[in-house]
Every structure is written in C-alpha cells, then in structure tokens.
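Quick heads-up: structures coming right below.
You will see two complexes here that share subunit A, one where it goes with subunit B and one where it goes with subunit C.
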Partner chain A sequence: MISVLFSHIEEKVALTKQDREKISTYFVAKKLRKKQYLLQEGDICKNLAFVAKGLLRTYNVDDKGDEHMSVFGWEGWWISDFNSFLSGEKAVFNIDAIESSDLLLISRPDYEALTLDVPVMDRYFRILYQNSLITKERRLMGSITYTAEEKYVKLAESNPQLIKRVPQNLIASYLGIAPETLSRIKKNLLRKR
Partner chain B sequence: MISVLFSHIEEKVALTKQDREKISTYFVAKKLRKKQYLLQEGDICKNLAFVAKGLLRTYNVDDKGDEHMSVFGWEGWWISDFNSFLSGEKAVFNIDAIESSDLLLISRPDYEALTLDVPVMDRYFRILYQNSLITKERRLMGSITYTAEEKYVKLAESNPQLIKRVPQNLIASYLGIAPETLSRIKKNLLRKR
Partner chain C sequence: MSLLITTIKKLITISADEEAILTNLFKPLNLKAGEYFLEEGQLCRYVGFIEEGLVRYYMNDDGNQKTLYFNKEGEFVSNYQSFLPRVPSNTSIQAIEDTVLQVINYADMQRMYSDVKEGERLGRLGIEHVFLNSIQQLKSFYKDSPADRYQEFLRCYPDLAQRIPQYYIASYVGIKPQSLSRIRKRLVEPK
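Now for the complex of A and B:
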C-alpha cells in the first residue's frame, strides 16, 4: 500500500532508500467500507489521509439537510478537513467512503516530525499545496464565470475518471446544480455530438 | 527593503547568513506609484511580488465593468496571479497599488532555482501555502454561511489594519456586498455599542 504513496511522492521529488524507510514509519494503514465515515462535522480532524485505493468525498450539510460536495479523493489524493487538521478547530466537513477504500493516515504531530526528519517532504508538500491553490482558484473563478454546461464540460475534460466513478447526484452537488439540470445537460451534449 | 522579507521568512523558518546572501540575489526591487498596475488581466504574470511597503489589490472586472476584489496585500504579503505565474496561462486578475508601494519581485525560473539553492525556502513556502489554503477554505465557507454583517465583523476582527487602510467601496466589493449595505452595517454596529 505504501508503494502507491512512494510513487505519488516520486512524481514530484526524488526519494532515497533511507527517505522511504523513514517515511513509512510515520503512516498507519486504515480500511474503510463503503459509506463508512473517516470524519464527522464537529469532530477534530486528527489525520491527513492518503488514498491508496478507493474513493472518498468531503462535504458539508446545510440547515435544510442538503449536502454540498467539496472534494472527491481517489488513488493518489490526500483528503482531510485541512483547517481542522492544522488549527485543531472543529471540522466543518464530513468525509466518507463512496467505494471501500485503503488509506494511509498521518497525525498532526507526525506530519510536523516527518517534514523535519525528511526535508524533501517540505518540497513535496510545497508543490502539492501550490497545485491545490491553483485548483481552488480555478474552481472559484469557474463558479463565477461559467454556465452549468461549461462547468460540466470542463470537469469531464479535466477529470474523466471522476465522471465515470462518482454517482451522478454527487457530481451535480459538486457543480452546485440540481440533478435534473445535470441530466438535461448530458442529454444536450449527446445530441450535439 | 530585503530586511522586511528576511524578518517575514524568519517568522516561519531559520535562515543562516549564507541563506540570506543567496536569497537576496534572486529578488529585484520595484516601486509602484498609487494606482499604477503591477499586472493586467490577459498578460502573463511573470513575477511573484513580496510587499515590503505599501498596499495592493488583486481584482477582476466582469462583463458589466464591475470590479470584484479578490485579495489585498500589504507589508509582509505575497501577491500575484498565482495560476498565471505557475502555469504560464494568461492572468485573469489585475493587480494595482492602492498606496505607493515597494516590492521585491522574483521570476518563475528564479523561484524554482531559489528553492533548490536554499532548500529551507521549500519549508517556508510550504507553510505559507498551507496557511493560504486555510484562509481560502474559511473565506469560501464564510461566503456560504455568514450574513453580510457577520462577514464584516469577522473581517474587522481578523484584519483590523485592512478595515483602517482600505477604502470602504473596496471592502464592500471584497465582501461581495453593495457599498450602501456596508454603510448600513457599520451604522448598525455603532448603534449596538
């Protein structure tokens, strides 16, 4: 399982054998069955989770009971309530498994210790967060400037795997549109082809 | 001017004399007069700018000509169209000076070279981006869950300097409310005291 993490890290930085040995001591494996929670709103997010296998979602629930999808994470993604993980404040997000999943967890103190013990991990996380900031910026701009159909097309282009794996109602929620609107958009797109 | 940058970096990581000497070779000083542009929408953002003195804003303009404030940056802040800077795509933001400002600029190739030459800068930027991700997450959640008055109060609590220095119409735009709404909120708050 840890080999999935190593390949993901090595896409961004080079690791020595010693680095790999050290890194592996900081992570704990965890399995989640489909629909099982990793984190519930109001709890403290104690771990940053690397998805070695499976699919999870991060979402919050409004006063009316409606779910708002925030992030999907599958093989090679990190998932957490990042604010809660770093600040120790209560989580505002829920995280659960859409598919049964294999995770590697690292605690807050171990995350700090790891970057001191294996300094190249600072570089890895710097690049990871850099990309994450870009994604967030693009999504925010997209939510302002794109129509619902454009949002779907952009998502399908940038994340074809997500469109295939994630149930339609969750994709609609992620795009901030009604499931019926998404069905209509998909029918329109098929007709245009 | 570079000493402002060093103190800011040393709030997060320790620098040796040699680190400081190396770092200083990667930056170029630039002065902006009030209202002068650092970046215009559609250009490529070639530099990451550290604000040593002054105040800038990042914003975009919609089809109707309305400005939407994205970020303010003053002493100790980094400012750029981050997506454009890293990906080389066209900038979607404008950046200009609200006050006359002293900046330190680093180019994209020099940014890469700096992190390889002075590895502790990876750690510095990792912590910087980490904080930035939290701020963005909080702002996004806040924009969904808070009323206009709550948004203003939160901003005033977390950034009293911003409330004092930035013109009222720009703060209204940053909060996504009309200037008249902001005036009404401020009057209400004064009455409550």
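Now for the complex of A and C:
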C-alpha cells in the first residue's frame, strides 16, 4: 500500500532508500468499508489521510439537512478537513467512503516530526499546498463564471474516471445543481454529438 | 535586525551566512498610501513582507471595489494565485498607509529554496498559513452573518479597527457602511 504513496511523492521530489524507510514509520494503515466515516463534523480532524485505494468524499450538511459536496479523494489524493487538521479547530466537514478504501494516516505531531526527519517532505508538501491553492481559486472563479453545463463539461474533461465512478447525485451536488438538471445537461450533450 | 529576519527566525533556524543570503534576496520597496503593490490584470511578481504599514486586497465587482483581506506589519503579502502559476492577477493590492516592504521575486525565491538549508521548510510553513487563511475566508463568506464577520475581524485584528477606514471594513464584512454603524451601535449598547 505504501508503494502508492512513494510513487506519488516521487512524482514531485526524489526519495532515497533511507527516506522511504523513515517515511513508512510515520504512517498507519486504515481500511474503510463503503459508507463508513473517516471524520464527522464537530470532531477534531486528527489525521491527514492518503488514499492508496478507493474513493471518499468531503461534504457538509446544512440546517435543512441537505448535503453539500466539497471534494472527492481517490487513489493518490490526500483527504482531510485541512482547517481542523492544521489549526486544531472543530471540523466543519464529514468525510466518508463512497467505495471501500485503503488509507494511510499521519497524525498532526507525526506530520511535523516527518518533515524534520525527512526535510525533502517540506518541499513535497509545499508543492502540494501550492497546487491545491491554485485549483481552489480556479474552482471558485469557475463557480462564479461558468454555467452548469460548462462546469460539467470541464469536470468530465479533467476527471473522466471520476464521472464514471461517482453516483450521479453526488456529482450534481458537487456542481451545485439539482440531479434533474444534471440529467438534462447530459441528455443535451448527447444530442449535440 | 529587520522584522523580516526576526520573523523568519521564529519559523526556521538559519546560520549567519544564510541570514546574509536572505537579506540580499529580499529588496526594499516603499509605497505611499494609495499606491499599489499589485494591480488587477498585472502579473504578481513578488512576495512581500511588511516591515511597516498596511495593505488591502480588493476585487472589482461590477464597478464596486469589494475588499477581501488586509495585511499589516509582520505579515507576508502576495496574490499566490498569480505569483505561483505566473498568470495575471484578478485582485488588486493597495497600500492604505505609507508602507515599507521587503520583496522577493520568483527566481530569487527558487534560490532561497536551494541556498538556505531550511528554505523549503519556511516555504511549506508559509504556504500552509496562506492555505489555511484561504479556507477560513471562504468558510466565513458562506457561513457567517455580517455581525459575526465583523466580530471575527475585531478578534483577528483588534488594533486595525482604528487604522482602517470604516467603508473598507464594511466592504470586507460584505455590507453597506450604514449597516456597519448599526452593528457597531448594537455591540456597544448594554443588553
């Protein structure tokens, strides 16, 4: 399982054999069944999770009981309530498994210890945060400027695999539209082809 | 010692040589109140550190300036969404007091990562802080009422309420200046 993590890290920085040995001591493996929670709103998010296999989602529930999707995480992604993990505040998100999943967890103190022990991990996490900041900004601008159909097309182009694996009602929630609107959009797109 | 070096030393350990390298990589930049660190449409070329002064971030929203954020002395300032991917900025950053900065450009930032032993650590801690701020801002825009946002502003920036014009604070909170004075009255009146 840890080899998935190593190859993900090595896409961004080079690791020595010694680095790999050290890194592996900081992570704990965890399996989640489908629909099992990794985190519930109101708890402190104690771990950063790397998805070695499977698919998870981050979402919150509003006062009316409606769910709002925030992000998906699948093989090669880090998933967490980052605000809660980094600041120690209560989580505002729930995280649960859409498919049964294999995770590698690292705690907040171990995350700091790891970067001191294997300094190249500072570089790795810096690049990760930078990319995430840029993606977040694009998604925010996209949510303001794109139509629902444009948002769906962009998602389908950038993550074709995700569209196939994730139930359609969750895709609709992620795009901020009703499930009926999504099926109308998909029909329209088929007709255009 | 500059406030920049003091601040860096709180985050990482540096040698005397590295202190000299850092002092060389950052260049001084002085802005008068009203002048820009960055204008919408330009490429954000620097990450700045504020030795003295105050800046605000704003965006144009149908001809209205929407104030997004403030930074004051002891804090870093940049629009990373322009600085990192090298694309034009959708945000302006303007000095609202006379402001003294030390700035570093993209190429010198890469030199810092390679020439300062814990440079990458400084980068990771810095960007983590920016990442956290951006999540908290976004959360607050969606979830908090204007009164909550104003109180959160006072909590984070107790000394800034006196330094920032009220209409900028109102814009940051997301309301008209008149509504802000109503909120302020309610807060000072005993219940």
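One rule holds in what follows: the second predicted complex is superposed on the first by the 193 of 193 C-alpha atoms of A that agree within 3 Å, B and C clash if a C-alpha of one lies under 4 Å from a C-alpha of the other, contacts with A are read in each partner's own complex, and residues count from 1 in each chain.
One rule holds in what follows: a residue touches a chain if its C-beta (ideal position, glycine included) is under 8 Å from a C-beta of that chain, and two chains touch if they have at least 3 such contacts.
From a predicted model like this one, the values you see are computed outputs, not experimental measurements.
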Note to self: Given the alignment on subunit A, is it a clash or a fit between subunit B and subunit C?
What the structure shows: clash
Margin query: Between subunit B and subunit C, whom does A:76 touch in the aligned arrangement: first, second, both, or neither?
Written below: neither
Check: For A:88, is the partner it touches subunit B (first), subunit C (second), both, or none of the two (neither)?
Finding: neither
Check: Is A:119 touching the first partner subunit B, the second partner subunit C, both, or neither of them?
Finding: both
Notebook entry, point to check: Is A:167 contacted by the first partner subunit B, the second partner subunit C, both or neither?
Noted result: neither
Note to self: Per the contact definition in the header, classify A:176: touching subunit B only (first), subunit C only (second), both, or neither.
What the structure shows: neither
Notebook entry, point to check: After superposition on the shared chain, which partner residues are touched by A:137: those of subunit B (first), subunit C (second), both, or neither?
Noted result: both
Margin query: If we overlay the two complexes on their shared chain A, which of subunit B and subunit C does A:109 touch? Say first, second, both or neither.
Written below: neither
Next item on the list: Would you mind listing the overlap between the subunit B footprint and the subunit C footprint on subunit A?
Entry: 82-83, 86-87, 92, 115, 119, 122-123, 125-126, 129-130, 132-134, 136-137, 140-141
Item checked: Partner subunit C, residues of subunit A touching it in the complex -> 82-83, 86-87, 92, 115, 119-120, 122-123, 125-126, 129-130, 132-134, 136-137, 140-141
Check: Where on subunit B is subunit A touching in the complex?
Finding: 60, 68, 82-83, 86-87, 92, 115, 119, 122-123, 125-126, 129-130, 132-134, 136-138, 140-141, 144
Note to self: Please output the residues of subunit C touching subunit A within their complex, sorted ascending.
What the structure shows: 80-81, 84-85, 90, 113, 118, 120-121, 123-124, 127-128, 130-132, 134-136, 138-139, 143
